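Chain nomenclature is as follows: A, B, C, D, E and F, assigned in order of appearance, with residue numbering initiated at 1 for each chain independently.
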Amino acid sequence: MESLQQRAQTLTEALPYLRRFRGSTIVIKYGGAAMVDADLRADVISDIVLLTLVGVQPVLVHGGGPEISEMMNRLGKKASFVEGLRVTDAETAEIAEMVLVGKTNQAIVTEACHQGARAIGLSGKDADLMVAKKAGSRQTKTHSKKAIDLGHVGEVEKVNPEVLETLAASGYLPVIAPIGVGPKGETFNINADHAAASIAVALKAEKLILLTDAPGVLADRSDPSSLVSELSASKAKRMISTKQIDAGMIPKVRACLEARSGGVEGCHIIDGRLSHALLMELFTDVGIGTMVR
Amino acid sequence: MESLQQRAQTLTEALPYLRRFRGSTIVIKYGGAAMVDADLRADVISDIVLLTLVGVQPVLVHGGGPEISEMMNRLGKKASFVEGLRVTDAETAEIAEMVLVGKTNQAIVTEACHQGARAIGLSGKDADLMVAKKAGSRQTKTHSKKAIDLGHVGEVEKVNPEVLETLAASGYLPVIAPIGVGPKGETFNINADHAAASIAVALKAEKLILLTDAPGVLADRSDPSSLVSELSASKAKRMISTKQIDAGMIPKVRACLEARSGGVEGCHIIDGRLSHALLMELFTDVGIGTMVR
Amino acid sequence: MESLQQRAQTLTEALPYLRRFRGSTIVIKYGGAAMVDADLRADVISDIVLLTLVGVQPVLVHGGGPEISEMMNRLGKKASFVEGLRVTDAETAEIAEMVLVGKTNQAIVTEACHQGARAIGLSGKDADLMVAKKAGSRQTKTHSKKAIDLGHVGEVEKVNPEVLETLAASGYLPVIAPIGVGPKGETFNINADHAAASIAVALKAEKLILLTDAPGVLADRSDPSSLVSELSASKAKRMISTKQIDAGMIPKVRACLEARSGGVEGCHIIDGRLSHALLMELFTDVGIGTMVR
Amino acid sequence: MESLQQRAQTLTEALPYLRRFRGSTIVIKYGGAAMVDADLRADVISDIVLLTLVGVQPVLVHGGGPEISEMMNRLGKKASFVEGLRVTDAETAEIAEMVLVGKTNQAIVTEACHQGARAIGLSGKDADLMVAKKAGSRQTKTHSKKAIDLGHVGEVEKVNPEVLETLAASGYLPVIAPIGVGPKGETFNINADHAAASIAVALKAEKLILLTDAPGVLADRSDPSSLVSELSASKAKRMISTKQIDAGMIPKVRACLEARSGGVEGCHIIDGRLSHALLMELFTDVGIGTMVR
Amino acid sequence: MESLQQRAQTLTEALPYLRRFRGSTIVIKYGGAAMVDADLRADVISDIVLLTLVGVQPVLVHGGGPEISEMMNRLGKKASFVEGLRVTDAETAEIAEMVLVGKTNQAIVTEACHQGARAIGLSGKDADLMVAKKAGSRQTKTHSKKAIDLGHVGEVEKVNPEVLETLAASGYLPVIAPIGVGPKGETFNINADHAAASIAVALKAEKLILLTDAPGVLADRSDPSSLVSELSASKAKRMISTKQIDAGMIPKVRACLEARSGGVEGCHIIDGRLSHALLMELFTDVGIGTMVR
Amino acid sequence: MESLQQRAQTLTEALPYLRRFRGSTIVIKYGGAAMVDADLRADVISDIVLLTLVGVQPVLVHGGGPEISEMMNRLGKKASFVEGLRVTDAETAEIAEMVLVGKTNQAIVTEACHQGARAIGLSGKDADLMVAKKAGSRQTKTHSKKAIDLGHVGEVEKVNPEVLETLAASGYLPVIAPIGVGPKGETFNINADHAAASIAVALKAEKLILLTDAPGVLADRSDPSSLVSELSASKAKRMISTKQIDAGMIPKVRACLEARSGGVEGCHIIDGRLSHALLMELFTDVGIGTMVR
């Protein structure tokens, strides 16, 4: 009986957060360990289904995981990198699309439906959800005079969020693969953090939450306990320029800055390796990870 | 961090129940200790607010508590009983209405609003919500030849639930005082258990939950551990006729039987003295108290 | 036959007024003789029911009448006045709430339902309809250095009119007791004229009509035939400062000025002692009483 | 003041009828003196506008009046009768349509709009409102072996009431000329009483009211005081077969019988020569004229 | 098979135009040969029905044709002209109304319904659709000092388009006769081109299309091949002042200029003598006739 | 000009079909040459976009094409057949899903969006659109005693069409890959003809149209001119049992029979190799191919 009561007590403590987030849209970038590890995966989906049941409208944007590389290997396709940047030729883009949309996305949708959500898989091509253009070339150190063409990597130019609104109004959970469509129907790979930020802005979301494989932004990269709980835009930019933030974290911080300047008030980078990280972020005062403000 | 995670885990365990009760109407008879004790009172209201936030539509019917007697005392009005039955003359009915509607009901509404619900107090007179007629006279032992007229005590003849539906559709929480209105506008006191059952039937509620000051129906009245978890209609009637069920519990069991035969599937008598009794009943498989089937 | 025809003729003469007020909201402060006298009472309610049937949306705010004082007497509670102002301690506020909500309001609701309206009784506590704060202290003549604390007397700080709109949209008649709720759930007595004005402003009502026990504002207080039909704001203020308007009339004129400056175009003080005063005001060109402009 | 009060009193006496007819559809056949006499005409329209303002949905079907014959005269067209029945050749039908739709109907619409209604003129051709077929030939006395072809006189075969419902839902007043359309777009003259009955049945109207130039059905044709207030179907048929009902009244009684058997509960033949006959019928208990039951 | 395929191909070529006009309102002035010639008439109606089926909302305004003069002749009414302008006395206005509303309009409605549209005939009197005032007098050459009063000829003062919107929302096709209503219910003849322009402006129509008996505006009146495809406002005014545009075309050009300055972007004068002129204008890039910009 | 007119004429001839199919749902199985050939593909999509613009609701179900086999080859996966039936192991099912959903479906969606539709790609896993179970084993000739397990090949057990209805109501074009989901989230390959039939039944579609690489069902397989235009159910069954219908056509005929018995009135097998086959079938009286009745 006591444990029943404790359980009820815990539910009760969620009240202020339920009140606060009821009716709001929360865009979640889903990737890393949380997508690979079967238990974490089940937990994340369960958290999201819970959110739908208490009146929150979550929108999921997932990344790629190791499945793209694996498929490229199986197809004897060599990845080509120039100074650490992956060059995405037409065939690579096609494989990425096939795996992201036909495998990764379907798996998430299936798991979510299995747990009781009414999930719908989408890519940026569905109803021109994410119209993209070729991403700008990158100047590199060694070839500073020559920009490198990364091929079919795109930037989101325009989000058409109507289909998300239609689905949300009927209680569906959108699960989005980060594929953009060009003006001629071309396939563009989009960085999933950037895709999530663009969608959060277009939906006027209350929050953008990025699940990562780190505790958040660290003051000292070598010290996991040096978590920066709140990060101002100016400090974020300074930390990027001084390379205090490591390479893998930069696109996440940039996505948060982009969403912030687009009007999304709560932008969070949290540790997807923790079970129920989403609920911990949303349903406690302190939250976890780094909030970019 | 661990406790945050445990807390998240608990929320997750509520998932199947959230799914099950989402969108359903639950009529709650609120009375006894749960209404008198300040802490319990806050807990009950908090449970109900939680229900509204997770998509359940609760409807509250409250009883009288000691405030009526207290006011009668203050007004120098003597309670008159015949063989244990209170005789309600016109003045008594008027005092009861004034206290129930103007004091008890207002207090519950205020507390619920304070906790974030949008509560609306109603009596059976509002939009003729509960049309009542004079309750039948009672044969008594000593005067077996003579029926006793209990005065302004009523039985619900017709519930007009439209106002409850209008309010529910806009997210309001109805809080109902057990006063009925006669064909000429007379005031009738209605037993709150009976009122709750009538309203549950009219609303085609999923559940009727009666909060009492006992663990439920006991097989052996003197043994609190002899709880009858499930009670069939036939057994209930037998236990009433053999006086195995004590006097105070009889109207509750009768209300459950009435609701059952009116189509309400889940009728529960639970212990309102337990903190968060409602959540314990709704959000666990075993439930608590007695279910009348 | 002739009288039938005359009757039909009269109905026809109401046409321009029906056209004019159709669909508009009219807030009526109901008090004084019109509330005490049984015949007048029936007439007022009948007028209001008629308004609902011809497409007007009336909202009723009632005052207290002699019932509060009567109940205080019965409870042995002495009224305390300082320089003519009633000091409302916590107990007095509670008694007032109980009588206003549980007795006066219920009686009006019952009568209105009996005459065919679908009336719903409300207080300012229902869904936080009238959020109030402590009214400012009053400087008095004799103690000009010392302000007097009137206790639980409140001023309306915020009206949340959504519940009125919800009810109106479904054809219900709101009947409102002048009780406000403080930030901590405290009970505040609100002057009913002031409450009606606040609600008229919040609802963007077409008209505010105050029923009084006088023909309206008089140019010469001792001459009932000296009715001021139209009263400008500036003249009203002048007449108040020169005490040309008597004490009882001042809060009514002030309520009208408040409603006027809040955008309510038609603010009327009319004689509730006349049978069908409301219809006479609304359904004739000349109207009756004083219109504050 | 007294007369104001009397006026208010009269409005109040209309209450039970307002309640009763609110939201109901009433089909009115408008013809005879009430259409020719300018004052009566203004009164009838005013009654109808009043009905729209108090929540009744009137539908007007008008007859022809003397304008058709007048126009035929002016066009040098001789009316042709066989045993008292007008033979309607194609040209006659065309003239009738032109006058009914382009003159009579327009005049009623203009007057109604002038009095504040939002009237829309329609004929049975608009959106195929009244699909008609050639009326059966009539056996005549002298030529009992030979049926007489009356030409373009039609019977209503099907009413498509959707456009009336669309207009009613937006508060328009339909004014209908009794012209039917054949399967090939032919023009058919329809008896206006019969047209009104057909439309009343299709709209499931609460009442059908026929304005005539007589007090109603008379027990003794020569005695205007011998009004039959209520007429059963069987008695009506008997009175027709025994020629107790005169020729002009027969189509009206038949229209009532048709509407009755189609489910219209209140079918009335009233005296259109009385000012405000409609209001007198609707807003009194006794009513006027003959009710066919 | 080949011809089937060609047919399908043609349908496909309509795609960009279907996309472009879907959901837009197009006001069509219907007159001249297209209204008189039976085949052309059937074609125009068929084009309009097609438009309704592909999601365009056409609104038809028709002119008079020879039927008015014919009826005046038959009624022995002499047309009176002063310097080529028809003087419209009260009787003439009445005849015009009768013929336009009761004959011409009904004929178009019947044909449109026969072809599957749900057409509703209206005049400017229905629900005060076109409120008119007396048109200004005209100065004439010979009587330059004396203005000529043209009688019941009106200018549109105010369009009340609500009834058109109500009908359009339910899929009806409005067919409008150019009769205006004065403030006292007077009948005014309105030039149909002007009426169509007024209605196009009030409806914020995408296009106004005037069907005429000429290829459009000609650069050289004597050379039918000298069509001016696009005509600027300034050039139009110059051509009118230099009399390069002939008298019959002037009101059409003026109607286009009026609609243009009222915000209607596409104003076209096209040749109604061509079969399917409407579809040719709407469903090709080049269009036909003159577009006034 | 003439050709413009001819074009307009052709549009006009489509009128009766526009009228007939307006508002109806048409499920189209899309496969074979029409999916492989770039020109045919553009034509089919264009036909479908046209249908959406004229008020028809098409739903597209596509098959696999050669892309699955190609990908299996590239991945070094050998197809395994037993007596001509493909055995689908788990890996094969996964590859099929990936290619169908991530490549074929995306390509159709992209083309449709490019042509102006608002296409949304779906698989049977999205919101549990097609719940499937393992297809029954097949008895083979040589191993008549032993049934062969075909692995992950499924039969549709339940269609949940709500998401299709939600999307259709907002004007989206659903494009469905024939993948079913098992009770545990398993992937099942579904025959696309069968999937289309199931969806047509669930949506109560007006028509099911299967695009094939043959003119339809032939009376004499070797004679392409021996097309059977109408095929009764009984004849279809006879022709299957006598092997008059060749193997490739059998599942198509079976899908039609299944849809017929599920209430879909028009079931057609047409030649997808013909340009605009869909429009030819829908917009002519004779139609093309075989209609199963």
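The rule we apply is simple: contacts are C-beta pairs under 8 Å (C-beta built on N, C-alpha and C of every residue); 3 or more make two chains touch, one makes a residue touch a chain.
Keep in mind it's a predicted model, so treat the numbers as computed, not measured.
The chains in contact with chain A as well as with chain D do not exist; no chain meets both. Number of steps on the shortest path from chain B to chain D, with steps defined by chain touch: 2.
Where touching is counted per the definition, chain A and chain F have no chain in common.
At the interface between chain D and chain E, over half of the residue numbers involved are used by both copies, so each side presents largely the same positions.
Centre to centre, using the average C-alpha position, chain D and chain F are separated by 57 Å. For the pair chain C and chain D, the distance between mean C-alpha positions equals 48 Å.
Multi-chain contact residues of chain F, defined as those touching 2 or more other chains: none present. A ring topology is adopted by the chain contact network, closed into one cycle in which each chain touches exactly two others. Contact residues of chain C toward chain B in the complex are 74-75, 94, 97-103, 105-106, 109-111, 113-114, 118-123, 125-128, 162-163, 166-167, 170, 172, 179, 181, 184-185, 187. Residue ranges on chain B touching chain A, taken from their complex, read 1, 4-5, 7-15, 18-19, 22, 43, 46-47, 49-50, 53-55, 115-116, 274-276, 279-280, 283-284, 288.
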